[in-house]
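My questions will all concern the structure given below.
Each chain gets a letter, A, B, C, D and E, in the order it is written, and its residues are counted from 1.
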Amino acid sequence: AAASLGDALTDLAEAWQAETGHSVTLVLAGSSTLARQIEAGAPADIYLSANVDWMDWLAARGRLNEVSRIDVASNTLVLVAHDGAAASEVLLSPKTDIAALLGTDGRLAVALPEAVPAGLYARAGLETLGLWDDVSDRLAPTDNVRAALALVALGEAPLGVVYATDALAEPRVHVVATFPEGSHPAIAYPAALVAESAEPDVASDFLQWLLSAAAQSSLRKHGFGPPTAEPK
Amino acid sequence: MTLTVDIQRQLGHFCLKAAFDAPEGVTVLFGRSGSGKTSIIRSIAGLLNPDRGRIHLGDRVLFDSDARTNVPVHKRRLGYVFQDSRLFPHLSVRDNLCYASRVSGRGSRRPEEVAGLLGIEHLLARRTHGLSGGEAQRIAIGRALLAEPDMLLMDEPLASLDGPRKAEILPYLETLRGETGVSILYVTHNMAEVARLATHIVLIEDGTVVQSGPPERVLTDPDMVRVVGIRDAGAVLSARVVAQPDDGVSELAVSGGRLFLPAVDAPVGSELRVRILAQDVILSRTRPEGLSALNILPVRVLAVRRGEGPGVIVQMQAGDDLLLARITRRSADAMGVAEGATCFAVMKSVAVSQTDIAVGLQTGI
Amino acid sequence: MTLTVDIQRQLGHFCLKAAFDAPEGVTVLFGRSGSGKTSIIRSIAGLLNPDRGRIHLGDRVLFDSDARTNVPVHKRRLGYVFQDSRLFPHLSVRDNLCYASRVSGRGSRRPEEVAGLLGIEHLLARRTHGLSGGEAQRIAIGRALLAEPDMLLMDEPLASLDGPRKAEILPYLETLRGETGVSILYVTHNMAEVARLATHIVLIEDGTVVQSGPPERVLTDPDMVRVVGIRDAGAVLSARVVAQPDDGVSELAVSGGRLFLPAVDAPVGSELRVRILAQDVILSRTRPEGLSALNILPVRVLAVRRGEGPGVIVQMQAGDDLLLARITRRSADAMGVAEGATCFAVMKSVAVSQTDIAVGLQTGI
Amino acid sequence: MMLGLGPEEWQAVLLSLKVSFWATLVSLPFGVICAMALARGQFIGRDVLNWLVHLPLVLPPVVTGYLLLLSFGRRGPVGGFLYDTFGVTFAFQWTGAALAAAIMAFPLMVRAMRLAIEAVDPKLEEAAATLGASRLRVFTSVTLPLILPGIIAGAVLAFAKAMGEFGATITFVSNIPGETRTVPSAIYAFLQVPGGEDAALRLVVVAVFIAVAALILSEWLSRRVARRIAGK
Amino acid sequence: MMLGLGPEEWQAVLLSLKVSFWATLVSLPFGVICAMALARGQFIGRDVLNWLVHLPLVLPPVVTGYLLLLSFGRRGPVGGFLYDTFGVTFAFQWTGAALAAAIMAFPLMVRAMRLAIEAVDPKLEEAAATLGASRLRVFTSVTLPLILPGIIAGAVLAFAKAMGEFGATITFVSNIPGETRTVPSAIYAFLQVPGGEDAALRLVVVAVFIAVAALILSEWLSRRVARRIAGK
């Protein structure tokens, strides 16, 4: 599964194991890494991606059981600040002067905007809001969203764009704004059975169980939203 | 086993071009510092590849550039005692000594035996750090001996040893040769070692062999004085003890007359070698009077060589033997010493150099 | 400048405990291999720290364990010629020679001058690889000389040199001492070098000084024969030329009588030193007849030392001088040679060892 | 338990030790051979060998891992061959982690050894040859003992590097608990989830502790051996 | 242009060269001092220094980067101090990338140099001292020239490592085009998106090319110097 789902999935795996007695082994790494490994024959049963593109990429290579594909959860994008007082709630709109919020030499921490999912979403959101050009040369792009969060948490960057789930668990950052729905493609976590799964039946059960009320409420606790019905 | 060497090799500006035979016995390579002795020995050992030439040991071909033969170092069965001792620092003294038998099975001698002869038994269990120069060199000699080679190559092996130790080891080298028939190629600067050990001498100068042969002949060639050095130039004569009268003065016969030496410790009839340094010989046109008992031999002048400096070297025939004298140019002129002249050689000092019977009797080394 | 040494140091099982003075001139440290000579020199240079003791050079304190003084190596102003040459491989020969003046500004001599004296001018531009053992050692000597030290420490510096080269360098060392007043502490195994150079001798055995003093006294101590080695033991006497008759036999006066030596190249009246090896002296209770011209001195036996082996060492008084003789135990017993006995010493060979006038006249080294 | 490591964390630590140990041990002889060839050899391709050995140092670990995945993966040419002929598989196994660690550590190992070999006095090897030792015997009886400190240094360096190796490992064999989740991967996983910093820190401390222990051990060993080979 | 590198990719290549060059150059004297202290020094804390130097080797790069961020970040103790007193700042600057690269490469550099120093014959240093050279002069006139090959080896190793350094760099100074986007960061970015392999491959080829060139140059230099210091 994508590394950013780790915590929530650990709880879910335990719950499911308690319920059914089947154990779940979580393999956490970047979506791209995992996709390539599955392509190379990794012994996986379910692929849970933070990124629709890599899901499509695997699907195109016939490595997935397409029918089984579901969205498990969703997420929202937020703007966080290190210093809660200085950057009190702002409204993200085309008129927001992010540059001013950043100060003279502050940078906006984001995940790599041309590569990493969180970065891609952030870019889309900022572009929609017409803020992209203001900040595109004031970015501090990181290899993953957690690193962006860390930059803000340590105060190296005054502001950052991260997932709501990340912001929730980090006491040193303050959410100052949430990206309006529709400003970026829906943040979906698709999951599917791997075509070469050794235990497709159990895996498929688990996949279905992820949509159950119990599982979803657990995900909610970690800050994830319900899977968007939006067809993909 | 005779070693035949005929090699050429360019080393920087230095050109080595040496051809000589080393017959059984002890062949001494003698030459000044930088004349190429070490380079020759390294070529024989296989550590330096000649550009062309041949090296044979008995009927074994060690190197032949024409036949493209080049026996690898470890198959040459030559023992090499280096100018620097080159002990293995990671091994104890005993393991250094046993190295050859460990790696090649060569050698059946016990290390204790050789160590005893070299006076290093008390070091056997030690490691090599802190060994004195002489101790290290003795171990290096022992190590080469224990490999029981067909021929020993020794590059100034005794230079770092003290006199008593040298005197102790030399007879052992002689015994070794007698016992096992192993020949030795020996590099030294020390003329006393030459006189003591050499059965054959090869004189090297600037990378080439300028003279080789038995010491009697090589050492009395006046052209060689330059190479040997004036203080070390001199003749080695064969002598026989003809009388040991009670007054303690022994009478020795050489081909050119009689020599009187106090207390030569050898019975009547024994053959021995006496060494007469050129600087210990003076010449007189008339038989010196009032000095009847001094050693005086009638001689005929064969050659007179003027060198640099105030001295001249005179080569003379005394009976069948050759003698060298070094006198001042002034007196040579005054006395009219010239080729063909007859005169008398007066010996200030004669040293018994080597006997065939008693090895214990040599002059100081 | 006098060097005063009084140090102690434990090295593994070896205990160094040496106290001696090295007065101006050339002090020779003489002792068998492994006796601790190098360790002493290293302590003086500051490369080995004594456990306790003192080292003074003139009025400079180099080391004092009580006062906790320990002058660092580079401030001791001592030139050290190592047993191995230790040239810097990354520098050319010239840069090796100039090293001292480069790093410390010491030394005003031009390297060419010293190189000329040591016969290494042609090597100046070369790198150190492939230098022969003797070449390397000559460069090392030059390097130390060019540092113009207060005292030169030389650890067997000539062991790897050939005779002629040795003979060339020795006078230079003497000149150097004369010119600059630099004292030399000299380690050697070579008795000829001792006789030639030493103005003071320190005999070392097993890490302790067993004897020290001027060569005349030290070398004639019968207890020292063991250390010096039987072949090298012998007396050094002061002599004066009293007559140079026409027949070519010079007459020399020593305190105990007259010596006759052919062709001593020194005018009447000159003072010189003659060396008489113990093995060249035989004893007779009666004056030998029919040998009038041989060198015979009446002597009184001072001491008789029996060693291992068949020989005994006899110390005798000849006038004011001391003589040593080595004779067989059998003849000593037969002749009744004992303390207090008077007899006659017959000299097989006498060598002129060192004169105050002409340094060129010494015996072969 | 000390530091309050949970069983999964202990699993990661033990796995890291196992992986690093085997990576070091198995690559040791190759390292020595390579170092000898580079230090002493005179052959065509010497330069090629040299830069091949150094490649993992220069490439970002992700790339090395990706290349490993491509070639040693179950569908890769080498991996497929090994699997078909010997039944050996690296993909997603701890052996794969060891392979990745070994390859990443190899340049360090070879460098250290090579310097040691170049410091051996050829005069001693000459002396050994004159005493009847063949090339191989000279190597085993003189060169090898003399370079022991270098070998130890190289091995420890490799071990330490293997302990810290992450990028190539996770890319090649993923991050499977109990199989390929080494300490660095575990640290990564912890850092990816909100609130995982404490657990990550604990593991960092353990990693540092192990590495320091290895270094101190090697220093001590090295010094002992160095003393011995200095003849003391 | 050769390999069809775009201007941004060239920028990354040039930046990587700049970062690696300065990282190597500036750490060189520290490396030599550290290596001397470790090889010859007899002081308390020697072991501590030793493992401090080795730390970056053992830790996962991300951790190193995080620690750098903590201490050298603008709000970190060291970073803050440097900023307040000298106005020097590392955060989000190429200097920070150089710092990260230098620290990651430091253990390699020190190891190589230390081995070289340990191989220097102390007898030569003794001889130099007797000729009047103070400790420092002995070092500069004898030890230093003799360890030159080791220094070169260490420097090139460090340079190569700096060229490949990724994890610590991106964590510390993120991935800002033209400022801190080095070749490995760029490669990483390409690998994160499906279909980015070709662009990544082009950069890998460039990286390998540069590293090989550096290695060959250093080999040649090293051999020349080694010949010289062997007195040839």
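Keep this in mind: contacts are C-beta pairs under 8 Å (C-beta built on N, C-alpha and C of every residue); 3 or more make two chains touch, one makes a residue touch a chain.
Fair warning: this is a prediction, and the values are worked out from it, not measured in the lab.
Note on connectivity: the fewest chain-to-chain touch steps from subunit C to subunit D number 2. Chains that count as touching both subunit A and subunit C, per the definition above, are E.
The geometric centre of subunit A is 91 Å away from that of subunit B, both derived from CA atoms.
Computed centre separation for the pair subunit B/subunit D is 57 angstrom, with centres defined by C-alpha atoms. Note on chain placement: the centre of subunit B and the centre of subunit C lie 25 Å apart, centres being C-alpha means.
Rounded to whole angstrom units, the spacing between the C-alpha centres of subunit B and subunit E is 60. Annotation for subunit D: residues 66, 188, 191 touch two or more other chains. Residue numbers of subunit A whose C-beta contacts span two or more other chains: none are found.
Along subunit C, residues 84, 130 each make contact with two or more other chains.
Listed by label, the pairs of touching chains are A-D, A-E, B-C, B-D, C-E, D-E.
On the side of subunit D, the complex with subunit E involves touching residues 47, 50-51, 54-55, 57-63, 66, 107-108, 111-112, 115-116, 118-119, 149-150, 153, 157, 160-161, 163-164, 166-167, 183-184, 187-188, 191, 200, 204, 207-208, 210-212, 215-216, 219, 226.
Taken in their complex, subunit D has these residues touching subunit B: 123-124, 126-135, 137-138, 141-142, 145-146, 228-232.
Chain contact summary for the complex, subunit B toward subunit D: residues 45-47, 72-74, 76-80, 82, 84, 86-90, 99-100, 102-104, 106, 127-130, 143-144, 147. Subunit E contributes residues 66, 69-70, 73-76, 91-92, 170-171, 174-176, 185, 188-196 to its touches with subunit A in the complex.
Residues of subunit A that touch subunit D in their complex: 3-4, 6-7, 10, 25-29, 33-34, 36-37, 40-43, 144, 146, 165-166, 168-170, 222.
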